[in-house]
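Next, two complexes with chain A in common: one pairs it with chain B, the other with chain C.
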Partner chain A sequence: MRKAFGPIAVLAGVMLVGAPIMVARAPYESTMGLVQKIFYFHVPSWFAMFTAIGVCGGASLVHLFRNNPRADRIAEAAGEVAVLFGLMGLVTGPLWGRKAWGVWWQWDAKLTIALLLEMTFISGILVRKYGGPGSDKLAAAVGIFGLAVTPFVYEAVNIWRTIHPLTSVVPTLPASMGAPFWFCVAAFMLLMVLLLMVRVNLGKRQAALDELYLAYED
Partner chain B sequence: MRLGRLLIALTSFVLVSLPAFALQPPTGQSEFVPVESLPPGDQLPAAPLLVTAYAFVWIAVVVYLWSIWRRLNKVEDEMRALAQKAPRR
Partner chain C sequence: MFFRTAWLVLRKDVAIEAKSWEVVTTTLFFAVSCVLIFAFALVKDGRAVGDAAAGILWIAISFSGTLALGRTFERERYAETLRALLLAPAPRAALYTGKLMGMLALLGLAELLLVPLVALLFQASAMFSRPLLLAGLLAGGTVGFCAVGTLFAAMLVRARSRDVLLPILLYPIIIPVIIAGVRGTAALLSAPPDEPTAIMWIGVLTAFDIVFVTLALWTFEPLMTE
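So, the complex of A and B:
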């Protein structure tokens, strides 16, 4: 995994530099105009968050049932990365909505459940920090709960009536909008993998330090 | 004497009230006329919102990387301190 870090970092850097150029060349949307271009990094940030949640939930399941410290470190890292990308989605969304809908925020099902998902993973971080002994298991349960909620966040626009655009927008994108969109998705996914690797490495070093303390006390 | 006082009071009242009349605001709008769309000058510009959104993404990534780097440095410092303590025991 360490060998893959360099190429992934270079590729992610190149793609993230190229993304604004692709977005600038993409056509304007007929009703929303320029502000619709926020879509090219608003939706990829949610995709990256959902992927990080998938990793966090999977690793949490492994840790909860097999008591695997490595899986716990991955779950902790993925939970933190999920919060980061969720924050990007929650900030870029209102910036888009202010122009498109005339309001920064609307307490409709989609937006509210997305906010709750973000708060779920923030609570996971707080549980780990202040939960004391056994907090890793509690945080794993929070991670699994977050994973279970995620499909509802994605499908909220199809289940409830909301002002948010529907999920059918992405599959029906014309090629001129689809190419920059999927390019941005790939760039955000690479960025997510990169941040996850860096954060897992931090967890590894923290575990090594804990072992050193234990050895020192013995 | 009484007439003199009355005249002074009246003159003072007139002198004080004159500026108040002179400073009256212009007449208010008498009717509202509806239009279908905002004039271009009043519309919210999209570019600052787009730039803010993109800048936020980058700032969030940089701040997060900085926080990891800071935590990693703290861990490495503690490891070094422990390694220095260990041989003395």
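So, the complex of A and C:
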């Protein structure tokens, strides 16, 4: 993974520079016009968040049942990355909603549960910070339950009456919009992987430093 | 073996509680105080606004439930009795089931008091027009709340600042359950009672219950290992 870091960083950098150009060139949506373009960043940030949640939940399960410090570091990193991308989704969403719905926020099924998911993973960070010894297991439980709730969010928009655009919009995009959209998704995924690697590495250094401190005190 | 252990844990908790009635009385009192606070916040011209009665009922249940969760496990911490329980040669999941049944009994008791109280104070007796559906909603919501709550309260026994962390961890995860309970109860309160909606929410609650109870039974053992 260490070796792949450089190429991924370069590729993600190039793609994130190219993404705005592709978004700018994409055609205007007939009814919403310019504001619709936020969708090219809004949806990919949720994709990145859901992927990070998947990583966090999986790593939490491994840590809980195998007691694996490496999986714990991955879970910690993925939890924080999930919060970050969730925040991007929660910022870009209201910007669009203000223009499309006329209000910043709607207590709609999908919005509510997305906010809950964000709070769940923030609570995971809080328990790590203030839970004292053994809090890694507690955070793992939060990660697993957070992962378990996620499918409900994804389905919520399709089952419950909601004013949020359906997830079935994505496969029916015309090619002129689909190409920049999937390009942005790929760029955000790369960014997610990159952040994850940086954060895991930071955790590793932190653990090594803690061990050195302990060895020094002995 | 499994159910016998769960039954013994439950009987132990009930026997301890029956000596002082500490958790039961404080929980019930707190539940009524919650109803009063929200009555002042959500009553306009002598009547509750909109579906407020459904919301007040579920807020009171979840707040008093959180308080009770904290108290029951505080008792296990004083004399390190939780460690003794965990050392017992019994399936860990059975200990969890016993604790869960205790919480369910306690919250069931609180609901027996809260539901008539809310119905009386907020002119919401329409809830009782479909008693089976109301019971289904209450049971589904309570099981979901207690399944996650018991697991988290048990694992927080050893954590620092556990009093604050319990609601912080618990609420984001169980709010979907509370939403389902409130929307379902509100459907029963509409005139005429909206049965299909209430049944739909009971279905959602059942799905949550299955997921949460399965996960809790599965993760209790590794979570309680030091």
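The definition used in the following text is that the second predicted complex is superposed on the first by the 218 of 218 C-alpha atoms of A that agree within 3 Å, B and C clash if a C-alpha of one lies under 4 Å from a C-alpha of the other, contacts with A are read in each partner's own complex, and residues count from 1 in each chain.
Simple rule for what comes next: contacts are C-beta pairs under 8 Å (C-beta built on N, C-alpha and C of every residue); 3 or more make two chains touch, one makes a residue touch a chain.
No experiment lies behind these values; they were computed from the predicted model shown.
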| task | Figure out whether A:G86 sits in contact with chain B (first) or chain C (second), or with both, or with neither. | result | neither
| query | Touch check for A:L116: first (chain B), second (chain C), both, or neither? | reply | second
| said: Looking at A:F145, would you say it contacts chain B, chain C, both, or neither? Reply first, second, both or neither. | reply: second
| query | Thinking of the overlay built on chain A, is A:P180 touched by chain B (first), by chain C (second), by both, or by neither? | reply | neither
| request: Kindly classify A:L212 by the partners it touches after superposition: chain B alone (first), chain C alone (second), both, or neither? | output: first
| request: Considering only the touch criterion stated at the top, classify A:G57 as touching first (chain B), second (chain C), both, or neither. | output: neither
| query | Quick one: in the complex, what on chain B touches chain A? | reply | 44, 46-47, 49-50, 52-54, 56-57, 60-61, 64-65, 68, 71-72, 75-76, 78-79, 82-83, 85-86
| message | Can you tell me which positions in chain C touch chain A when the two form their complex? | response | 148, 151-152, 155-156, 158-161, 164-165, 168-169, 171-173, 175-176, 179, 208, 211-212, 215, 219, 222-223, 226
| field | Contact footprint of chain B on chain A as seen in their complex | value | 20, 33-35, 37-38, 41-42, 45, 84, 87-88, 91-92, 95-96, 98-99, 191, 195, 198-199, 201-202, 205-206, 208-209, 212-213, 216
| said: Considering only the defined contacts, which chain A positions touch chain C in the complex? | reply: 64-65, 112-113, 116-117, 119-120, 123, 126-127, 130-135, 137-138, 140-142, 144-146, 148-149, 152
